[in-house]
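For reference, chains read A, B, C and D in written order, and residue numbers begin at 1 within each chain.
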Amino acid sequence: MEHQVTLTALLHGPDQKGLVSKTSSWIFACDGNILHADQHTDHEEGIFFQRIEWTPAPGTDIARHMHAFQVFAQELGMDVEIARSDCKPRVAVFVSKIEHCFHDFMLRWKAGEFPCEIACIISNHETLRHAGEVTYEVPFHCIPVTAENKEQAEAQSLTLLKAEGVELIVMARYMQVLSDDFLRKVKTPVINIHHSFLPAFKGARPYYQAYRRGVKIIGATAHYATPDLDEGPIIQQAVAQVNHRHSVNDLQRKGKDLEKSVLAQAVRWHLENRILAYKGKTVVFD
Amino acid sequence: MEHQVTLTALLHGPDQKGLVSKTSSWIFACDGNILHADQHTDHEEGIFFQRIEWTPAPGTDIARHMHAFQVFAQELGMDVEIARSDCKPRVAVFVSKIEHCFHDFMLRWKAGEFPCEIACIISNHETLRHAGEVTYEVPFHCIPVTAENKEQAEAQSLTLLKAEGVELIVMARYMQVLSDDFLRKVKTPVINIHHSFLPAFKGARPYYQAYRRGVKIIGATAHYATPDLDEGPIIQQAVAQVNHRHSVNDLQRKGKDLEKSVLAQAVRWHLENRILAYKGKTVVFD
Amino acid sequence: MEHQVTLTALLHGPDQKGLVSKTSSWIFACDGNILHADQHTDHEEGIFFQRIEWTPAPGTDIARHMHAFQVFAQELGMDVEIARSDCKPRVAVFVSKIEHCFHDFMLRWKAGEFPCEIACIISNHETLRHAGEVTYEVPFHCIPVTAENKEQAEAQSLTLLKAEGVELIVMARYMQVLSDDFLRKVKTPVINIHHSFLPAFKGARPYYQAYRRGVKIIGATAHYATPDLDEGPIIQQAVAQVNHRHSVNDLQRKGKDLEKSVLAQAVRWHLENRILAYKGKTVVFD
Amino acid sequence: MEHQVTLTALLHGPDQKGLVSKTSSWIFACDGNILHADQHTDHEEGIFFQRIEWTPAPGTDIARHMHAFQVFAQELGMDVEIARSDCKPRVAVFVSKIEHCFHDFMLRWKAGEFPCEIACIISNHETLRHAGEVTYEVPFHCIPVTAENKEQAEAQSLTLLKAEGVELIVMARYMQVLSDDFLRKVKTPVINIHHSFLPAFKGARPYYQAYRRGVKIIGATAHYATPDLDEGPIIQQAVAQVNHRHSVNDLQRKGKDLEKSVLAQAVRWHLENRILAYKGKTVVFD
């Protein structure tokens, strides 16, 4: 029944008086029912952000309604993205050999925690093929990456992502740095999990760095990948206490739990259209 | 300049279509500028909650504007409370001999963390008179309470609270249970800090109870006091890890930090008109 | 090479002067190398607890050495349990239909996080047979339980556990209450995960209870199962913040992450011989 | 009664077999009673660390006993520091104008949380003189610091610290960087509270840096001050969740609670002789 569809719009643009009233009144005038509306103003930058979720009136032509809202929002000077609840985004999972984030992510997906389809798994190793294809029943593509073939390998991934209609890439501990070129061409958001409390311990071997520095808390950070390594907008972070008794291995083990839950949280928020990234930061309407 | 006043309304009532649009449009029609609007619907109970903060247009007659909003909200079937930023509520602090919450609370107040006036300190002991009167320069009233005089003592407090125009009572570890009769008569909200993670360890000596049970986490709970002891709506809770090495004294020491920050958080939220209590629970627009 | 075996002793008994010296000197006199030694005295109860981990001298007859230590400890009036690192305990996993704790536990085991063998999975449902037998390659036994057959079903489990030489039972969200009779007969420790912050919300549907009460923090508790339901010694607890926006489903989802990590932590500590339970509480040498 | 004195030794040196046995046996041979013994081996560096707390036998000549232990430990190749419970260390508090850490620290001290005497307060401003002298009854010295007089000002502080017999400096948000020269000359440990989660956001205005980066968690770090700014051994860290709604002011407010409790924790551990610093890190026997 088409009238049970819910729509979620994410808007942002220059702040001005009356925006809350205008968007809610537009929906009310169409006899829609607002389920949630959340807004935020960055007073320093003068930007207004809104997430608004509503059910259109029964019998509404959804596509036309979405288009009309888009036109309306643009007339207000707002950028807008609208998602409909009956269209599940297609996601690609990038993974190497490390298993914990991958399994955790796939199990949550199987348990219905993520409103998405998993279009494919792309890995630079064969390690997880059986799990991917048999346990989770998702197409698995092995695209090995070396210093020499990186350009071609990324081109191959891009072709595949396009063919599969992928709208989100989730890097579940994919042990390759995506090139600037790839990130510019891919056009879809890329969510990465970094195994430290950014901006501390960027780059390689963060648990080892944390151990050497003798920190008393370790962390994990989910962020959008951008051409600046580990500098993309942070979506979510979590931490755990450690002490002098913990070896690098202990930090890794404790960190795994953080990585799993932080990545899952970030992806769920993204799929529920709760995140607006701007100026290297995120607004998360949770 | 009166036009810089901001107003904050807390509304709740039966859910119905168009409420977000109606309230925001009413303010927009008066040329007001909405700074924050946050809403929540309890779908199980069918209740709509909203907190809306706005600056009226320059030159607005604030009292009349507030009255008009009140009439408007009632026509929508909503209960409403409105606060104006230029009227600081008057608060009474109840305390016994225990010092940590009291000093922490008063120091935060002196540092400008709470938008309120402290009308008076009421204690059943003389212990903190000097700190209250000299260090913090607030009137201090000692009203001793015994099993025999409890009724008269409470009557004396009620008279004092009325005379001082008190609008909120903060129990900063006041070691007396307020009677049902007092709580019914007082008409102002009462915020209490209970030194356990409610509903675990109600009643007396919660740290001792926690120690005996061997829990691995202790907590503190700020809640509105109601005639049911330790059963009032919970505003905020915080916890800390403990282990077998911690004595009851250690739990008390660690708990003090929780009590201080949780009480402060709860009072600040209350003073910023962020809390709606209903059916034994709270909606906190933070 | 037998000389690389490490031994871990857990001792407890009446406190007396010189215990630390005596146990460490005994090992030193045998030319053993102490890797870790941790002790705790419950001054209220007058009980001394110690965990001591050492490598015996090369060429030591391990069984004889363990026996000698046992005799020595008993002469000091201490109860003692000794584990050798080359003997992995056999564990039985009890599970119903709920998947998250089960998969998480099995994946951690496959990844080498638990020093144990999983002897068998026992379930009152067929749901997880395929995962158990095929994905994790562990024998799976379905023993349905009804009000009528409970006694026979438990007898069947006991026979199986004995035949398999099981030394620890892990209840990974097993949705049956084990009878007092079973718990008395089984002789092995049973670790359960309760989906609340005990002692709050004992019994059925704790997330629903938490939702009704309007708490701001939820938790999970791993404990040893004893005949008193949800009253056994607490091993570990963890919590997460919630607010009025969270439905019962949200609490369940957030709680799953707590349950998984708390259960894993408790089992790992148990398998590393870090836990001494006494008087309804635990000493955890972490 | 001198026999109720407890002694606490902190030892560290090259790891070797039998150390636990040797130290505990030495004490047992003197008829001392070990209350706590905790050890740690850094296997990577091959260093053994121990904290051992005991009551000497009644009638023991404490000074001679301490000296004998020192000789004994040195014969084992260990560095050792011994503290006696009846000698309270003398502490100097450095502070500028920021009040929260100062008041919190002094109130905890007055409440008996720190086993020390506060010898003096040194400030580069007059702001807190009244609080220091009148409320807390501690000598207050104002030593203004400018770019020009820094060398003389530090010399003045050093003279004062020496005259007062200060054994620990606590920087309760002292807004001056101590020079390398000062830190080399002072000979006492200096505990500083840095208002970020180190190593993230070193240097000036860490809350502003955190806000600009859009982190989702802020922190505070207590560390020993060394000539490398914000690079000294970390003692304790704590964190709090933040989101896009928090302004820099909100981060500062939330951070204050972290700073207060983390600084207090670090100082208490230091005063209880629980901390050994080595190679830029700390072992904390908590």
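One rule holds for everything that comes next: a residue touches a chain if its C-beta (ideal position, glycine included) is under 8 Å from a C-beta of that chain, and two chains touch if they have at least 3 such contacts.
On a predicted model such as this, the values are computed, not experimentally measured, just so you know.
Engineer: If you take the mean of the Cα atoms for each chain, which one ends up farthest from chain C?
Structural biologist: Following the centroid criterion, the farthest chain would be B.
Engineer: Copies chain B, chain C: same or different interface, half of numbers shared as the threshold?
Structural biologist: Same: when the shared numbers are divided by all numbers used, the fraction is over half.
Engineer: Taking A-D as the reference interface, identify its repeat among A-C, B-C or A-B, namely the pair sharing over half of the contact pairs by residue number.
Structural biologist: Having compared contact pairs by residue number, the answer is B-C.
Engineer: Whole-Å distance, chain B centre to chain D centre, using C-alpha means?
Structural biologist: Chain centres of chain B and chain D, defined by C-alpha means, are spaced 37 Å apart.
Engineer: Report the inter-chain centroid distance for chain B and chain C in whole angstrom, where each centroid is the mean of the CA atoms.
Structural biologist: 42
Engineer: Would you pull the chain A residues touching chain D in the complex into a rising list?
Structural biologist: 40, 42, 197-201, 213-217, 219, 233-239, 243-245, 280-284, 286
Engineer: Using the touch definition up top, name the residues of chain C that touch chain D in the complex.
Structural biologist: Per the stated touch rule, the residues are 17-18, 20-22, 24-25, 27-28, 31, 33-39, 41, 241.
Engineer: Help me check something: in the complex, which residues belonging to chain A touch chain C?
Structural biologist: Answer in residue numbers: 99-100, 103-104, 107, 111, 113, 135, 253, 257, 261.
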